[in-house]
Structure formats: C-alpha cells, structure tokens
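Labels run A, B, C and D following the written order; every chain starts at residue 1.
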Amino acid sequence: MSASVRGRAWFERLTGTARPVGGLPPSVLAADTTVDGHAVRAVAVVPDRSARFARARNGEMGIDEGFGVAAAVNGTPAGSAILAIVDVPGQAFGIREEAVGLQRALAASTQAYIRARRGGHPVLTLVVGKAISGAFLAHGLQGGWIGALDDAEIEIHVMSEAAVARVTRMERDDLARVAREIPATARDIRTFATFGAVDRIFAVSDPDAPSDADVAEVTRAFAEVLRTPELARRNPIERLDAPGALHTRALARRVRDELQAQWDV
Amino acid sequence: MIETLTYEFVATQSVEHRSHVGVVASGNCEILLEPAADGRSAVVVRTSVNGFGGTWQAVLGRFFARNPVAVQIEINDFGATPAVVALRLEQALESAQ
Amino acid sequence: MNLAWNTRRRRKQERLARISGLVRDGRFAASDAATVLQELIEPGDRVCLEGDNQKQADFLSRALATLDPARVHDLHLLISVIGRPEHIALFERGIASQVDFSYSGPQSLRLAQQVADGRVRIGAIHTYLELFARYFVDLTPDIALIAADEADAAGNLYTGPNTEETPTIAEATAFRDGIVIVQVNRIVDRCTRVDIPGDWVDLVVVADKPYEIEPLFTRDPELIDDVQVLMAMLVLRGIYERHRVRSLNHGIGFDTAAIELILPTYGERLGLRGEVCTHWVLNPHPTLIPAIESGWVRSVHCYGGELGMERYVAARPDIFFTGRDGSLRSNRAFCQAAGLYATDLFIGSTLQIDRDANSSTATLGRIAGFGGAPNLGSDPRGRRHSSVPWLEMTSSDEEVRRGRKIVVQLVETFQESGVPTFVERLDAVELGRSAGLPLAPVMIYGDDVTHVVTEEGVAYLYRARDIDERRAALAAIAGVTKIGLGADEGRTQALRSSGVVAFPEDLGVRRNEANRTLLAARSVRDLVEWSGGLYDPPKRFRSW
Amino acid sequence: MTAPLLLTESFAERGARERARALLDPQSFRELIGPFERIASPYLAAQGVVPQSDDGTVVARGTIAGVRACVVATDGRFLGGSIGEIGGAKIAGALELARRDAQRGAPTRLVLALDTGGIRLQEANLGILAVSEICDAIVALRELMPVIAVIAGRVGVYGGLSLSTALCSEIIVSEGARVGLNGPDVVETESGIEEMDSSDRPLIWGVTGGRLRFRQGFASELVSDDVPAIRAAVERAFQAPNELGPLVAQAFPDPRLERDDFLRAMEIEL
C-alpha cells in the first residue's frame, strides 16, 4: 500500500505555522490554530514509515494512534473547537495490536471525541481521504459536523473489498453490482452522504495538494459552522433527523419509535 | 438467490398460541407459527437453497397429515435438512399448544 | 528331488549381508535409509508398510517413495490405510504395482485415478481383521516397515498407546523370515515397556522426526445438533434399553458421540446405568469421558489410542487395558476379534443405504474402503456363547437354535445439501463396475442389519417376516426420500402395531426434549472439565 | 458420583432471546419488537441471504435483582451476530431510552449481552452509523449510571462493537468468549498468515480470549459458562463504582520484538 499524503497536506495547509502539540507519536499531528477568530485544535493521523508497530505505518489507526488521538483531543484547551482531519485507510491489522487490545485504544479516542463534544467543544470533521471502519469510528465519525471532499478516492466502508469478498464469498464484480443496487453497501462519499451524516461536500481542485482557493473554501465553511457552534455539538442520533435520513434511514427511525412505544407497559 | 415457496393445506384443528423457534443459521431454520381461523393452513418458505420445492411439499404434507392444525407458518431457511425442519415444526407446534 | 527347506531364511541372510556395512548394532542412520531400502528390497517383494488408522511409519514411507524404480519396482504393497501422499507416489513412480489394503480415506480420489490409469492393481479391499489374517496365509510380507516410540539396544520396542497393528505385522513378518525394519522416535536404555520383543526386529532407524499421528476419534460436542440428540434418544430407548445391550461398539460419527453424551443425562433418568453399555470395544473417545466418570462403563478395549487421552486413560486402569508403565495398550487385531465375537451390538452411520438395507460410504470417483466396519457390522456365525440381546434377535423355538448380533445403521434421511441417504441403488454398484472390482464395495450387507434408525423412528428389521415386510419397515422410516414417499400409510400403522416399526411417540421419546441441553458435555472444554483436567485435547479442538 | 457439569446451565448454548431471559429475573422477561412484528432486514435477500424476523438482536425489558432493567442480546448464530440497521437501532434506541429514564429519576439497568463479529457487511454504511450512535449513547448513559457488557457467547465481540464494549463500565467475559477489533480471518487476509493463522485456535484465544482480557484488566470478571454465575457477576457489576475517566494506555512489550517474542513477553502461550 502506498501511504497517502492527503492527511498531512490538509493538516499543514489548515494549520499553517501553528505550533504543533507535543508529546504525541509521530503519526498523530495536532496543532492549535484559529479559524475566523475561533480557536481550533486540528488533529490528523498520518503515515509514519518508522512507527514502532509495523502494521500501523501507512496511516492506520493502531495502538499509538488511538491513545495518541485521545491524548490530543483530551488536551484541547477550554473553549477551543476540534477539527478531525480524516485520511485513515483502516485500523492496524496486526496480532500485536490484538493482543494489546486495539479495541481499547480506539475506544480511547472515540470516548475522547464524545466527551469533548458532549462537554461543549464543537467537533468538526473533514474527510479528505479514506475513512474505513474502526479507524473512522475512532477518528472522525463522532464529529458533530462532518464535511468531506467530493472525490472518487474517498472510500467509506467497514472492510477492504478483498476482505469483504473473502468473508461473503462473493466475486468483486458481484460486490460492485450489489453496491449499485443497495446503497448501504456502497463505498463512495456521495452515497454515504445520502444517509444524513455528511453536512457538506466540497468540490476541490486537487485533493492531494489543496490550492489556496480549496483551503479558503473549506475554511469559510468552518467559520460558518463555528459561528453557530451548536451545529458542531450535535450528537450522532440527531443525524436521523437529517432530511436525507428521513427516507434512507426510515427503518432505524421506525425501530426507535417502536422501542419507545413499547418501552413501558 | 432467495427462493420463496408457498403451500396450503386443509386443516381441522386449532392451536392456542403463536410460537417461534429456531434460528437462521447454517443447517437450521427459523419458524414462526400463528393460529389461523378458517380451516386452512398457509405456509411461506424463504430459503437460500433452491430447487427443493418438492421436498418442502413432502415434509410439510407429512406434518399436516399428522397434525391438521389451522396455522400460518413462516419458515426462514438456511439449508436445514428435512429432519431439522420436521423437528422444528414439531417443536413449534408443541410450544403453541 | 533336491529339497531345500530354508530358502526364505537364506535369502534373508543374503539381503542383510548386502547392507552390513551400513548397519551397526542393528541400527542404521536416517541418512542411509534410502540406500538401505534400495539394497534390501527386490522387485516383486511383498512390502508391508505400517499405515494404521492413526499412526504412520511416515519416515520409512517417505524413504521408500524416493527409491529408483529402475531397481525397485513391481512391489506388492500391503497396507491397512492408504493415508499419505507418498503412498500414492509409490504407484505414480512405478515402485509398487499391486496393493491389498483396507481403507484409503484421504487418498481415495487419487487412488481411483491411479487404478483408472492402470498404474496399480487392487488385490482386494479388506476389513482390517481379514487383511491381518491374510498376512498369515497367502500375503506374508517379505519386508515390514513399522513405527515405534522407543527401541533399546536389544531392539525391544515400545509402541505406546497407539500400538494398533504393529505387533501383528511384526509377528507375521518375523516368524516367516521376512525383514522387520522399525523407525523409532528415540533410542532408550530401557523401554517404557516392551510391546514387541527385540528378536522379532531386524533393523532400527531413528526417524528425522516423530511419527505422524492423527486424532481421528475426537468429535467436538459443539457440532452435535438437535436431530442427532433425537436419534440418540431413539437408540437408547428403542434398542439399548429394549434389548439390554451391555457389550457394544460405536462408530466414530457425531450421531454415536451423541449417544455417548446422553448416557449420564437421559440414560440416567431411564435408570439404565449398570444395565446397558457396560463393556465397550472402542478407541478412547473423548466423548465417552462423561459416561465413564458417571460410573456407566466397566471396561473399554481399544483398537488404537487417541491424541490427548493418554493421561486420562493412564489414570483409569480399571476401565482401560494398560501396561505396567500405566499407558494404554491397544491392539487392532485383538480388538477387531473382540468386536466381532464378544460384543452384542455394532452401531454406525453410512452415506447411502438401499431398500434392502445394504449400505456403503463409497462414492463415485473414490475408492475408500471401510476399515473395520464390515467386520464389526456382521454377524459372526462362529459365535457359541449366548446373551439376552443375542438370543432376542432370533425367534426360533426349535431345539437347536442360534442367536444373532445386533447390527444398527444410524442415519438421517437426508445428508446436508439435500442429498438423500436412502437410495434406489448404491453408488457402490457403479463404482465397483467402473473400477473393475469383482465385488461392489458394500460396507454392511443388508442381511446382517437388524435395526435401522432415522429421525423418523426405528425399523426392527430382524422382526420382519419376509423381504417385503423388511422393505416396508425401512420405507416407513425413510422420511421424504423417494423410498420413504413410497411407504403406505396403512401398512406403516400395521407395522407400528406389530412392533416392526416404532416412531418416537411409540417409544416415549418427546421431540421437544431433543436438544443439546441433554448432552452431558457441550464442548471440548466440558470434556476436559469432566476428566478433571486429565484430558489434554489437541490444539485444533481448543476454543478457550 | 458427582457430576458438577450436569448442574450447570450453559449461557453460550442459548440463543439471544434465551440469554436475555436468563439474565432477567424469572418471569420478568418482556420482549420489545419481537419476531412477530417482522421488522427484518430488507437488504439481505438481494444479497442472497435469508433474513431473520428479529434481525438477530433481541431487546427485552424486565427486572434484574428486582430493579427495572433492559437486556439487549445479539445472536451470534445469525450472520455471525452482525449489526445492521435494525439491530443497531435496537441497541442504540435502548441505550437512549435508558438514559431518558435515568434523567427522569426512574433508572433502567442496561445490559448488553453481545455476541457479534461486527458490523454487517451487507449493510455496512448503516451499520457503521449505528455503531457511532451506540458508542455515543453508552458514554452518555455512563454519565448517569453503569452500563454492563456480558461477553460470554461462542463468537465474542469483534469489529465496531468491540469499541462499544470497551466503553462500558464493567465487562464480564467467559473463557470461551473473545474480544478483539479484527477477526482472525481479517488479520490473515490483510496481513498474511505469518501475522496470524486463522486456523490456529490456541493462538486466537491466546491473543483475544476472555482469560487474557481478564488478566489485562479489560474485563472486570472472568466467569464460567453458567447462568447463575453470570447473573451474580451482573449484579456485582451494578454495585461497582461507575468511574468515567479517560482510557489510557497500559504497559506492553516493545512492538519491534519478533512476533513470538512479543507474545511470550505478554505471557501468551503459543
């Protein structure tokens, strides 16, 4: 796998000369910057060729990344918003990670985002690359406001296509056909957005090397959100009320309604 | 893909309750059984193993020949053998009586 | 006429002289194995290669397969189980051209191909006991390649819990001037116990690694399903309880494992402990542990051992046949004889059964054989001791009468994926024809079968008055197979009334009770717990 | 002759519904959105899979030790206990309602009896969204009262739900259960058989089994596969202090060690 450059590129363009937050593993970037006068701590997970866990060198969420992102988020200064820049090809697929307990490391960052958001920090997410599975759950999907680039390289799913093929015993062609027929199995950002979790899709000129205009547009959008910070403090359940979700997630809504109706006798 | 089969049988007896047994797991099936009123039984089978309509007919025919109960049955099948199906049917009926 | 009475002995001395330079104190080096075999073995020799059900003389078989076919060819291979790839390589490479055997499970497909290609001719597919018997008549080995755990300086051998057929092969070879070559795992000062005396042994080699052994008799209780529990209940009530079966042999399937596992639960409730299933002829099945621990079992004699059961068996010498060292002594020949003559019941499964209850596990394109089942699943006409179940199988009131062994076939009416078990004609018939065998490979002949059990009920075939009633009884429990659909409802009712057929309700077996909670152990972990930690299952069976 | 095993009531043997029933006080079981309401996945048939009428997830109300309770149980036998739109909404919805009850001063004890291989591939996008809601709802409920996870099935917990499990206040595991993020076959597919041989059962249980998770302090109780033992553990768990601090890394060996040396340093038997 060739390591993606996007996470770092967007992080650097969006944080500029801001001083990096120290004490984090090299694969976790964090810096305190400002957007339109609002304090923002940006956090990204990037490839680190010399990471001590061999299975977490291409930007995957591993042990150090999970606890590292958690530390970065937990250390957010009071009053500051958080920006998660997402380009994560997946969690680390390693036996050492499993033995140590990768679920706990990724729960650490998940919980950090949740508590930050529920504690009043606006949490924004910008998906600039892959957002796969446990890695996305642990870094990005707990954002109160989620934006994404409009780009074919962006992939959102729970498992690589090869692994899906193995587990479901379906051919790649069949998987592609199913993805067209059943949006729930698609891997592209536009389809994902129909479920109500994506608030904004940005058309950019070069996702790998964002232009000044690209950065300006994204920054403008952030500023808008931060002027109405409750937009970035929305809890995930509120996505069910997004206009798209009324239709695409009707079944989930119905289950909740039924549960509520039957909860007490 | 999934095959859906429907069957009807004449019934003379009734059951008290509805019942639910089994699970959609390999070699197994889920059965939902509900009382029906009109002296007829209706069965819907959904199965991932195609081409065994005759076997289903025979298994269900034998079950209703022994137990002419007026019920609606829904079977969600994942390759259960006739032995498993027959056992689950008996279990569903016993729970419903 | 110039008569010589010791040609075999002389030839043996000549052969051994050819390799004397490579042998020291009766041993040769592993690196010389191929050379030694090449010098000793002559074209056309009968070579008995120890390939047991479990234990394999794999070092020697690998060496044999590397020999130069220009020098060593047309061997007549004698082997219980054709189980390893290099066994087939012997035919592929032209080293052996004829084979007499019992079973070829894992290599059955490749064996059929070799036969079709004309590279090997099958003498016969035997039962184990039959093959061993022929070693003492017309198939005496010139060379025996066997495996043992330990050898001492005098060539005494310890063959461990998996002694299986090693002594039989060694005896047949050694006492008619064949050459006995043993691969051992190690040389010791003093054998743990002597299973084979050193003067039956000619040559010893320490193998490059311990012999291969497979845990063939471990059935994970997690994989037993409710239908198998139902059939186990039917067997217990409809056969064991009814006929008071004390001595018996079980096949190795999950359905017979289910019977073993409901003895301490369902059997206990029926008050059958001490009344049935007391004396067993059986490998040390882990699934028998709960019954042993609950006091059901008086004795178990074994064909072979089972990986992981060593410590448990050693700790239960009242039950198992064990040596002074404490470990199991198995012997396939004696155990097969015991199963034939001294047990009242055999029960096992099959893949196909026809309307006359002939059964076979043979499928097209494979030549598998049946191992011990045809022997155990047959009525020994030479039996002269009586027992209640044996006598119950016949109803003659004449002055001179005999009893009959109970032979049970236990099958679900359909296999997984909708394949019927009851068939119009066994695949074995076509298979026998296409492989040029003089006999269709029938595992158990219908006229030996006394009972057939399916999830539908029990057919008491021994009670049928004639062939027509027999077929009707079988059809009555054949479910919705083509044969079962041919059953006449009225006739079935009559057969139930006359006791030729019994449905679960006739036997007091409730289908709703048929579920896995009746199993005394529901996982391998449970078996370990039952054994008090003495059972040490192989890795592949561990899920904790 | 003593036969203690004959007296145990296996939890792992049961389906989800019977597990929920086993954890609730006798006779208190009441299922919500039961199978006869037939809210089943509409996405499976087109992918060649027969749906199950409860989608493999059971929600049951009742009492635990006399206190209002709700057990959510997933069935590892149906599609590996995978979580799709319906199962996910059942879990998240129950957590949200329990939080509402707690805010109203009439708390409902919530137990997640999970047995799942993770998010259902056939409904991937809906599953991942549901899991993000579940994680959020667990943390939100934990601010008010404990959330207990019981992992004692044949599958254990893998995938996204392993994160949710890690967020619970107390985690009860059995020896036969496993907790990991990536299933062994996924690790083998993605990283090769040298990394993980998915047929090596002792290795799998060694690195993800209940015994290790208990030794690591991830699980608070290691229970035998016995209903009364698990019920007792659940009651104890509701008494434990519900501290909601940050999850921080615990000590582990240098990951640059060779695989087997690393595992041995963790005292994992190979």
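A few points about this structure:
Simple rule for what comes next: contacts are C-beta pairs under 8 Å (C-beta built on N, C-alpha and C of every residue); 3 or more make two chains touch, one makes a residue touch a chain.
In this text the structure is predicted, and so the values were computed from the model without any measurement.
A simple rule picks the central chain: find each chain's mean C-alpha point, then take the one closest to the mean of all protein C-alpha atoms, which gives D.
A separation of 32 Å divides the Cα centre of chain B from that of chain D.
Note on chain placement: the centre of chain A and the centre of chain B lie 46 Å apart, centres being C-alpha means. Inter-chain spacing, taken between the CA centroids of chain C and chain D, is 43 Å. With each centre defined as the average position of its C-alpha atoms, the distance from chain B to chain C rounds to 40 Å.
Along chain B, residues 28 each make contact with two or more other chains.
Contacts with at least two other chains are made by no residue of chain A.
In chain D, 46 are the positions where the chain touches two or more neighbouring chains simultaneously. With chains as nodes and touching pairs as edges, the resulting graph is of another kind, matching none of line, ring, star or complete. By the touch criterion stated above, chain B contacts chain C in their complex at residues 27-28, 49, 52, 55, 58-59, 62, 65, 79, 81-84, 86-87, 90-91, 94-95. Chain contact summary for the complex, chain A toward chain D: residues 52-55, 63, 67, 70, 74, 90-91, 93-108, 110-112, 114-115, 118, 133-134, 136-138, 141-142, 156-160, 162-164, 166-168, 170, 178, 181-186, 191-192, 195, 197, 235-237, 239, 249, 251-256, 258-260, 262-263, 265.
Looking at the complex, you find that chain D touches chain A at residues 30, 32-33, 37, 39, 42-43, 46-47, 59, 61, 84-86, 88-90, 92-94, 96-97, 118-119, 121-133, 135-137, 139-140, 143, 157, 159-160, 162-167, 179-182, 185-187, 189-191, 195-196, 203, 206-208, 212-213, 216, 218, 244, 246-249, 252, 254-256, 259, 262-263, 266, 268. If you check the complex, the residues on chain D that touch chain C are 1, 3-6, 10, 12-13, 154, 175-176, 199-202, 205, 209-211, 225.
Chain D makes touch with chain B in their complex at residues 15, 34-36, 38, 45-46, 48-53, 75, 77-79.
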